[in-house]
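Structures for review follow.
The same subunit A turns up in both complexes below, where it pairs with subunit B and then with subunit C.
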Partner chain A sequence: MKYLLKRLLMMLPMLVGISLVSYVIMNMAPGDAASMYVNPEELRNQVSIDAVREKLQLDSPVLVRYAAWLGQVLQGNLGYSYISRQPVASEIAARLVPTIQLSVAALALELVVGVSLGIFCAKRQYRASDNILSLLSFVGMSMPSFWFGMLLILFFTLRVGWLPSMGLVTVGLKGPWHVLLADRARHMAMPVIALSFAGVGSWLRFQRASFLDVMGQDYIRTARSKGLKEGAVTWRHAFRNSCIPVVTMLGGSLPGLIGGSFVIENMFGIPGLGRYGTMAVLARDYPAVMAVTLFSSILVMAGVLLSDLLYVLVDPRIKYS
Partner chain B sequence: MFKMFKMLKMLKKRRAARVLAALAALALMLSACGGGGASTTEAASTAGADATTAEAAAATEADAAGAADATTAAPAADGGGDEAKYGGTLYFGYPYDLSRPNYIITDDGPGNFVRDLAWDPMFVVNEKAELVPRIAESYDMSDDGLTYTVHLRDGVKWQDGAPLTADDVLFYFDYYPRIESVDKAYDYSNLTVEKVDELTVRFRLAEMDATFAYTTLTLVIFLPSHIWKDIDPASWDQIADLSRLIGNGPFVLAEREEGGYLRLDRFEDFWEHRPYLDSVVLQIIPDNDARAMAFESKQVQLAMGNYQTTYMLLKDNPEYSFLLKPSANLGIFEVNHNDPLMSQLPMRKVVSYLIDRESLIMAQKNGATVLDSAFTPVDQYYNPAVADPEAFEFSVDKAAAILDAEGWAPGADGIREKDGQRLQMEIMTSVTNDPNAVILQDTFKKAGIELTYRPVDSAVYSDLVYTTQEYQIAGTGSGPSVGPISANYELVFTPSPYYNYDNPVVTQAFADAKNSVDPAVQKQAFELIQKTITEDRAQILTWNTPRIWGTNSGLNVDDAGFSGIYPPWVDFSMVYFEK
Partner chain C sequence: MTTEKYKASPGALVLRRFARNRLAVAGAAVLILLTLLAAAAPLVSPFPYDELHMGDLPDGNPLPPLSPKYALGTDQFGRDYLTRCVFGGRMSLSVGFLSALVSLAIGIPLGLAAGYFGGAADIAVMRFTEFLSCIPSFFLILIANSIFHASIFNVMAIIGMFSWMGICRQARAQCLHLKEQDFVMSARAMGFSHFYIIRRYILPNALSPVIVSATLNVAYAIITESSLSYLGLGVQEPVPSWGAMLKAGQDYMRVAPWMAVLPGLLILFVALSLNFMGDGLRDALDPRAVRR
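Take a look at the complex of A and B:
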């Protein structure tokens, strides 16, 4: 508990540091945020630009603005979006659910399929099935998710017409919960597969290597010499130990999924955090960009912390003091 | 093969394989859920509507069942006539959501689209630049052009059932100046509005403004005073409650998922008639290719915009229909008249001669673009006959001849020089508007010019072109207009589109047009502007990209006013699915 508290406290200065660097870099980017919100016909009119700059509170030095922003954040106010003029916190909350649904489903799919296939390949090292799956995993890792997403739409929507390619729900659809659930599952199928395809390959390769490493350990030989069945050796001894490095990667993979959703959400018209962040960056919507950055930073740090805590669960030798 | 079969057989025996089998079963279950539903559609078959243009596909064919599948809850339409037109949900793919929940005065694509559905103006402008009455029945103009009396239609209701009266008109002109919004664009300080009776309003102008009828009478949409009178104008941009954002048009904004979709339902008491469609859904699909595929797969039944590739792919497919309309989407190379080279007419002519428009059109637009418009073709006084015919000519020889005459001689590497200065030019564009630099650089080099291509971020581009003006030639998307109002609703009584271009003839012509409501005077002025601008190469004109309206699933838009002078304004109450 003491360790957890210490780690949580350490996150605070790190968050401040990340937000400061992000804020300064964002403001150093070429292009005037104020001119994005001025009628193009007025762009040669400095008075109009200055009026917008004042309205958006862009007329003071960067560090002063950062301090003001941080002060508001500490009071729970993430500011108002330049584009929508709505509170950023409520906009992020609205977009969080679709992104979390997408990311968690994709991570689950990656893990189940990738780890299973990794073990399958390790048990059949250098045989045809191992080689074929290894080749496919490299294809998956090499293929950009947007490209794979396009292929999915081409086949499942255009060719066979099984799955919809836009949004998370059929607008206006009414019915019992299982109908709505099935509708959502159909909408999420392609985005989840597209988002997880590269991850499956990574997990497969990682789990395969880890499992092979464990299978070469002395205690596996001892287990076998005791007369344990192969299944017990594999699942009770090898599998659990091979998962230690996998758990390390698990926490770090969540932010990566959020990053991947930037592209996938755009492609499948999913109103998630990724798309919100993309639009905010393109429009120089500083409060929104900072909120997304802050959220992503928290996610990264939470992921790392989660990995460290999971270590204890999978490896009894590890203890934090 | 045998080895593979054996391997698969062995797989089944293994415990680990059960996990894979379970996953495959899960995937199959997901796929099995794919029957029916509203988003996917089936092939069409029945011969349908007339082709909308000569360029369009031969005929729309839509299977009644397929069309119904493309819509949600399309009610049975037994009878003939208009009854058969009722029902269905139209899905329309669009790249962006509303900028702000309060879309009433936002000037962007989604805002305009929702306003077309939820609001009705006093008048709209038809193809002949005539005002067509909507919620107003008529207007009278005084001889001096300073007083307009507008007679509102009786029976027009707000979407909460309250009647629309002259009080709402007066309220709007009182409320608008106090609104605090980044969208606010109009200045009514020279306008006085009086109520004559419940359905008559009088507008008095302090000075002549020939744009008044085309702008205030067509663009202004009033506010329901009974709702807005209690709302602080300072909080305008923050209003998100849909029950307050009601209009007087054929559809009510009923639901919004931020960044996801907007759903508008039929307004049963719309003054003109009961709208045919049950609902219209604006589905937000940011990715261009994904949006095009949503149209191709008939998940959306209406596509609008630059769908050149999709158009070329599907134009001969009888299941789709296309309408090509001239638009304000002009390809322009903006020249900076403060630049030492570009301030010289011969050098501007050189640049114009070196733009290989046909190659660029093929490379960028798949050929679905026209060359023959020097200005915005939907503007009232557009007349290509008065423009300089050489403004679109591609000729390396003519460019070289001008350079020879100007004393630019080829150097050792083929690049021309004069007084020790190499002939270098630079074209800057935003990264999203790549003019295909390779083609340009090749043709410029043939004439002995070293052309540099500078792509910049769109935010930086605006600064460099409009504010600091640090450019020589810039590729832009907007162009000159030749009428009191342009297709994108901008007033063009000033030569503002021609940056740093100073020509007294053009300035005077704009002033003449603004100070007269006589169409003959305006026509003469705008034709003079077209002639002068093209002769002077004030901008390097390239092409006009038509606006493409695509439909499928038997969607009929023939009576929806798509042919109007303002393509953005569409009477969606007349859109229906053919059964």
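Take a look at the complex of A and C:
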């Protein structure tokens, strides 16, 4: 409990750090957010530009503005989007859910498939099935996830027409909850598979290596010499121990997962944090960009914390204090 | 054991071990071939990369591969796709290699300094590394790219600046191990300066795992560049890069699927080759590796 509090408190300076970094980067912009607000016809009219600059407080030094931003955030005010004039907080809130759904589903899929294929390969070391899967795992790690997404669209949408390639729901679809759920699943299928493909490859390689390592340990020989069945040796003695390195890597894989979901959301038109963030970046919508930075960092950090807690479940020897 | 074995230089031994890994050798061959093609792009490509041939498109749609005049077809403006692929390779490969160089230039000095001097320097560097590796850096790369003029050099520098953490960690770990070795002790006893010891005694011995990690960085940078260009924040038209070509390809997937397939295949081949090479190098450079 104390450990949890300590970890949560440690997240605060990190969030301040990352938001400061992105605030400063954005302020190196040669362009000016104010000029985007003025009617192009009046762009040479310095008075209207100055009016906007004043309204958006673009004239104070960077650190002063950062401090002001931070003060507002601490009071729960994320500011208003320059573009839509809506409160950023409510815009973000609506977009968190699709991103979380997408990343959690992809992570779960890649872990389940990667870990089980890893064990499968380790049990058939150097046989044809192991060689082919190991090769495929390299292929998965070596392609951009959005390109794999394109191949999926080429086949499942354009060739056989099974799956929709845009959005999260069929517009205007009404019906009982299971119809809506199935519709959602059909929309999420390709993004989730595209996002998880690279991960499947790397988890397969980790799990294969660590399973082989565990299978060479003395306690496995002891378990076998006791006359235990192979299934019991694999699942009761080897499986849990072989998962430890995978869980260790879990936290480190999260920034990549969120980064990948940013691209995938853009490609499949999913209204999540990544798509919102990309639009905001392209439009120099500072309050929105800052909010996306903040929330994507919180997502990653919360995930890292969860994976550290998961560690205790896999390896009871570990005690946090 | 023959005496000939002992005569071989360390370099030759590494090369021999590397040559035994067929996938790694194939990877190296593909990579060298594509790099040569990209370097000689103006010589091997039949057209300038931005030459339009709208008149050759009968119905306004891109020409498919194996058309007369255009071996790999054209894009929506009638630009020769083979030419675009070769010139795109120029961009993508140079982003890959140069941003790996940037990350080496940041990661090695920081890692060695942290490992060698220890104490506060070590803690500071390691905290900073940890910080950078547990934030969603892709979004920061995105922000930085939108802010600075979208030139190829900015893309390289920015990707490099956010991906040196693995290299730094490797360099530090090697340095921690090496600085306790007798030959470093003797160098210290002889009164050499810290800088000289790091440069002459530690750096050469710490390089091999760092090189492996840098190989993987090249693949990471190429894939990241393609994502950036796909989002419209990397290499800009009319200059081709494999990622930028994928972006255009997506809009024409229905009528011209090859436009989306070809550049992706090239990225896949290069990244795959680099991953195989990294694997082969890891085994070849490890003197304790068991012969298989």
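Here, the second predicted complex is superposed on the first by the 315 of 321 C-alpha atoms of A that agree within 3 Å, B and C clash if a C-alpha of one lies under 4 Å from a C-alpha of the other, contacts with A are read in each partner's own complex, and residues count from 1 in each chain.
The rule we apply is simple: contacts are C-beta pairs under 8 Å (C-beta built on N, C-alpha and C of every residue); 3 or more make two chains touch, one makes a residue touch a chain.
Keep in mind it's a predicted model, so treat the numbers as computed, not measured.
After alignment on the shared subunit A, the placement of subunit B and subunit C results in a clash.
By the touch criterion defined above, A:Glu110 reaches neither subunit B nor subunit C. When the two complexes are overlaid on their common chain A, residue A:Met166 makes contact with subunit B while staying clear of subunit C.
Once chain A of one complex is fitted onto chain A of the other, the partner contacts of A:Leu154 extend to both subunit B and subunit C. More residues of subunit A are in touch with B than with the other of subunit B and subunit C. Judged by the touch definition given at the top, the superposed model places A:Lys123 against subunit B, while subunit C stays out of reach.
By the touch criterion defined above, A:Val21 reaches subunit C but does not reach subunit B. Contacts of A:Asn266 after superposition: both subunit B and subunit C are touched.
Of the two partner chains, both subunit B and subunit C are touched by A:Arg284. In the superposed three-chain arrangement, subunit C is struck by just one stretch of subunit B from 201-209, 363-371, 471-479 or 543-551, namely 363-371. Annotation: subunit A residues 30, 146, 150, 153-154, 158, 266-267, 278, 282, 284 touch subunit B in one complex and subunit C in the other.
Contact residues on subunit B toward subunit A in their complex (touch as defined above): 3-4, 7, 11, 14-17, 19-20, 23, 30-31, 33-34, 37-42, 72-73, 89, 91, 93, 97, 99-101, 182, 185, 237-238, 240, 255, 257-261, 263, 279, 281, 283-287, 289-290, 293-294, 296-297, 299-300, 456-460, 462-463, 466-467, 469, 478, 490, 496. Those residues of subunit C whose C-beta lies close enough to touch subunit A in the complex are 131, 133-140, 142-144, 146-149, 219, 223, 226-227, 230-233, 243, 246, 249-250, 253-254, 257, 260-261, 264, 267-268, 271-272, 274-276. Residues 14, 17-18, 21-22, 25-26, 28-30, 138-139, 141-144, 146-147, 150-151, 153-154, 158, 251-252, 254-256, 258-260, 262-263, 266-267, 277-278, 281-282, 284, 289, 292-293, 296-297, 299-301, 304 of subunit A are the ones that touch subunit C when the two sit in their complex. Those residues of subunit A that touch subunit B in the complex are listed here as 30-33, 35-37, 39-41, 43-44, 49, 52, 55, 83-86, 91, 94-95, 98, 112-113, 116-117, 119-120, 123, 127-129, 146, 150, 153-154, 157-158, 161-168, 170-173, 182-183, 185-187, 189, 231, 266-272, 275-276, 278, 282, 284.
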